[in-house]
């Protein structure tokens, strides 16, 4: 009997679980911090300089940090990276970006990046529920 | 003692969990519907029109809906978006696409998009187990 | 005097030239054929088998070739490869795909892939001018 | 004698030509306008609505047009679309974005998108030479 | 009362769960094997030949398998596919790639692919904790 | 008379020209050097540090430069950047990579990245004709 004709029992299938979790943002921060420490501790000069550059590029310059964080958010949305989106959403809120401004940024990401961005938009909006309004 | 030389205890590591879950498709539908409602309720005109356009473009026209859903499926596979793949798999089944036709579409996605598509193909085939055959 | 403050004289700038060229499709075919021959002549077994597989996957199976070529076209558009788009446009025309059907496929590519697809759509429509209507 | 061992005479090779061309931006505008007209004249409702949405999403809202054009620029850079970059550079200049602000946006695109963005940055900076400073 | 103004209760939100899981690599292997079997059993010739080619291309040739696995790892990182990264990390360890060599490969992936690669690097380094050192 | 029904005269269409050009690699080097100078002269600290990091990461470390250049080549191929491919092909040849080794790297790029890589492979092989064998 072939694997498919017999159908794999549902209980044997492995999936990425979606579940109710108010701790998600906290878990993300914990994992992010711990692994960043592990990466930097490995001591590869190029990797470590890249991490430093990544922090530096959102500091206020000719453009204010708020605008730079919006740029980082939209770049992360069109490249479709949930962790990067979460990070920039947190930073945008800290910089005082309100809901209407966020949705304007979401609209640009959606039009430039297409419907393939929508699942990430759904998760971004769900993340917003975990963040204090500005 | 460095973080790496000491090794992080496995029980402290955070990962995306893979587990047995027959409820996944239902959870996906629930989350998708709830967040779509939240997004549309925010009232951004561009975002809302984009969502309307996204529905409209799979309606029968010069090409039948079945073909359009296959186009959406292959586009989602080469762009590697699991949620989009799940959505179009459900719709393909509703339009009567059978296993052999699906695998023909999978083959095009695999050859055009490369082995990087394979993990998404594995999850797509697992999803099929949750869907009634046409 | 710095490079920028002095401005680079326009006549010294190198760009990809855009020009009037009725021979483009012919040039594409000539280059494609010559380089494919060179690649296959190199004798790498994996590369050569991949090329064979690439031809094979558009042959009629559970889905007709016409549908498969439309799948290849949309996949090429969302992945934004002009040469691949040109190739599948030629094949779609040979399979009898008419303008209305092509625009239905363009619409799916545009909505899934976003405005980033538009420059490729413009070049695709220009290419159509070089191809006999079905 | 094999194609490779005999070496293809250089004069027979077809490449994308890079040449001195002060008319490039003008040629881009001409081609863009002509093909947009052709696409809209085809009358596909989804395609035409998408083009309308693409214009709409950069109009001033909660975020000013200047910020939205910077978002469009960075999104285009990380997705690596030269025509989209050219378009948003022109619009940024029209909105008064100066060199220091542009380079801040370039820096975000470079760090988020990686060295793969550099060739597009080179062409963007060359394009700037064709545009009046704000 | 609108969906957003009322805020969705956190306990109702569905997210990808991140949790402590020493069994992850094992679960990945189990799922991968089971689904590969299901895919091959479906009998699509193009799909099955592609899977054969995917195995073949990492066999020692002009380049040793160790180098080819590093190529596969970096390609998977810049294309940002966690499952592919996991697979090639396991294979790199089996081929004797040590930590310093891995971080050199990570550095190339990071510089070429940008900060968007970082979340995948974090998960890659966490995966390393599950693998025996070479 | 509509734009499409009347057909745009071919001589009015603007395309990227493909032509015979033995000077291409030289033109690439000239443009690359000139624009890099212009970019660095602009004085944005993040951008300039990124360029420094980009050079640094291919220097010999735990992995030899030859391997790192092959990693850069395959990363550039799956991300489909012709200029990056040209750059790494030149560097690979300088590091003594021979034809058989290059094709092994091409094979990995092709299998991981899919047929969408083929047009870039064609241009890469054409570029090889301009480079002295190792």
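A, B, C, D, E and F are the chain letters, set down in written order, and residue numbers restart from 1 in every chain.
Convention: a residue touches a chain if its C-beta (ideal position, glycine included) is under 8 Å from a C-beta of that chain, and two chains touch if they have at least 3 such contacts.
Only a predicted model underlies this, so the values are computations on that prediction, with no experimental measurement involved.
S.K.: Please identify each chain that touches chain E as well as chain F.
M.R.: Chains that touch both chain E and chain F, as defined above, are A, B, C, D.
S.K.: Find the pair in A-C, B-C or A-B that has over half of its contact pairs, by residue number, in common with E-F.
M.R.: Residue-number overlap above half with E-F among A-C, B-C or A-B: B-C.
S.K.: Counting C-beta pairs in contact, which comes out ahead: A-D or B-D?
M.R.: Pair with the higher count of C-beta contacts: A-D.
S.K.: How many angstrom lie between the CA centroids of chain D and chain E, rounded to a whole number?
M.R.: Chain centroid spacing, chain D to chain E, equals 33 Å.
S.K.: At what distance in angstrom does the C-alpha mean of chain F lie from that of chain C?
M.R.: Once rounded, the distance between the two centres reads 18 Å.
S.K.: Could you list which residues of chain B touch at least two other chains?
M.R.: 4, 8, 12-14, 16-19, 27, 31, 38, 42, 46, 50, 53-54, 57, 75-76, 78-79, 84, 99-100, 103-104, 107, 110-113, 115-116, 123, 126
S.K.: Take each protein chain as a node, join two nodes whenever their chains touch, and name the resulting shape: line, ring, star, complete or other.
M.R.: Shape = complete; every chain linked to every other.
S.K.: Give every residue of chain A touching chain B within the complex, in rising order.
M.R.: 4, 7-8, 10-19, 27, 30-31, 34, 37-38, 41-42, 80, 99-100, 103-104, 106-107, 110-111, 115-116, 118-119, 121-123, 125-126
S.K.: Please give the residue numbers of chain D that touch chain E in the complex, ascending.
M.R.: It comes out as residues 78, 110-117.
S.K.: So in the complex, the part of chain B that touches chain C is made up of which residues?
M.R.: Contacts found on chain B: 53-54, 57-58, 61-63, 67-68, 70-72, 74-76, 78-79, 84, 98, 100-101, 103-105, 107-109, 111-113.
S.K.: Touching residues of chain F toward chain A in the complex: what are they?
M.R.: 45-46, 49-50, 53, 56-57, 61
S.K.: Quick one: which bits of chain C touch chain F in the complex? Just the residue numbers, please.
M.R.: Chain C residues touching chain F: 2-4, 8, 12-14, 16-22, 24, 27-28, 31-32, 35-36, 38-39, 42, 44, 46-47, 50-51, 54, 75-76, 79, 81-84, 99, 123, 126, 129-130.
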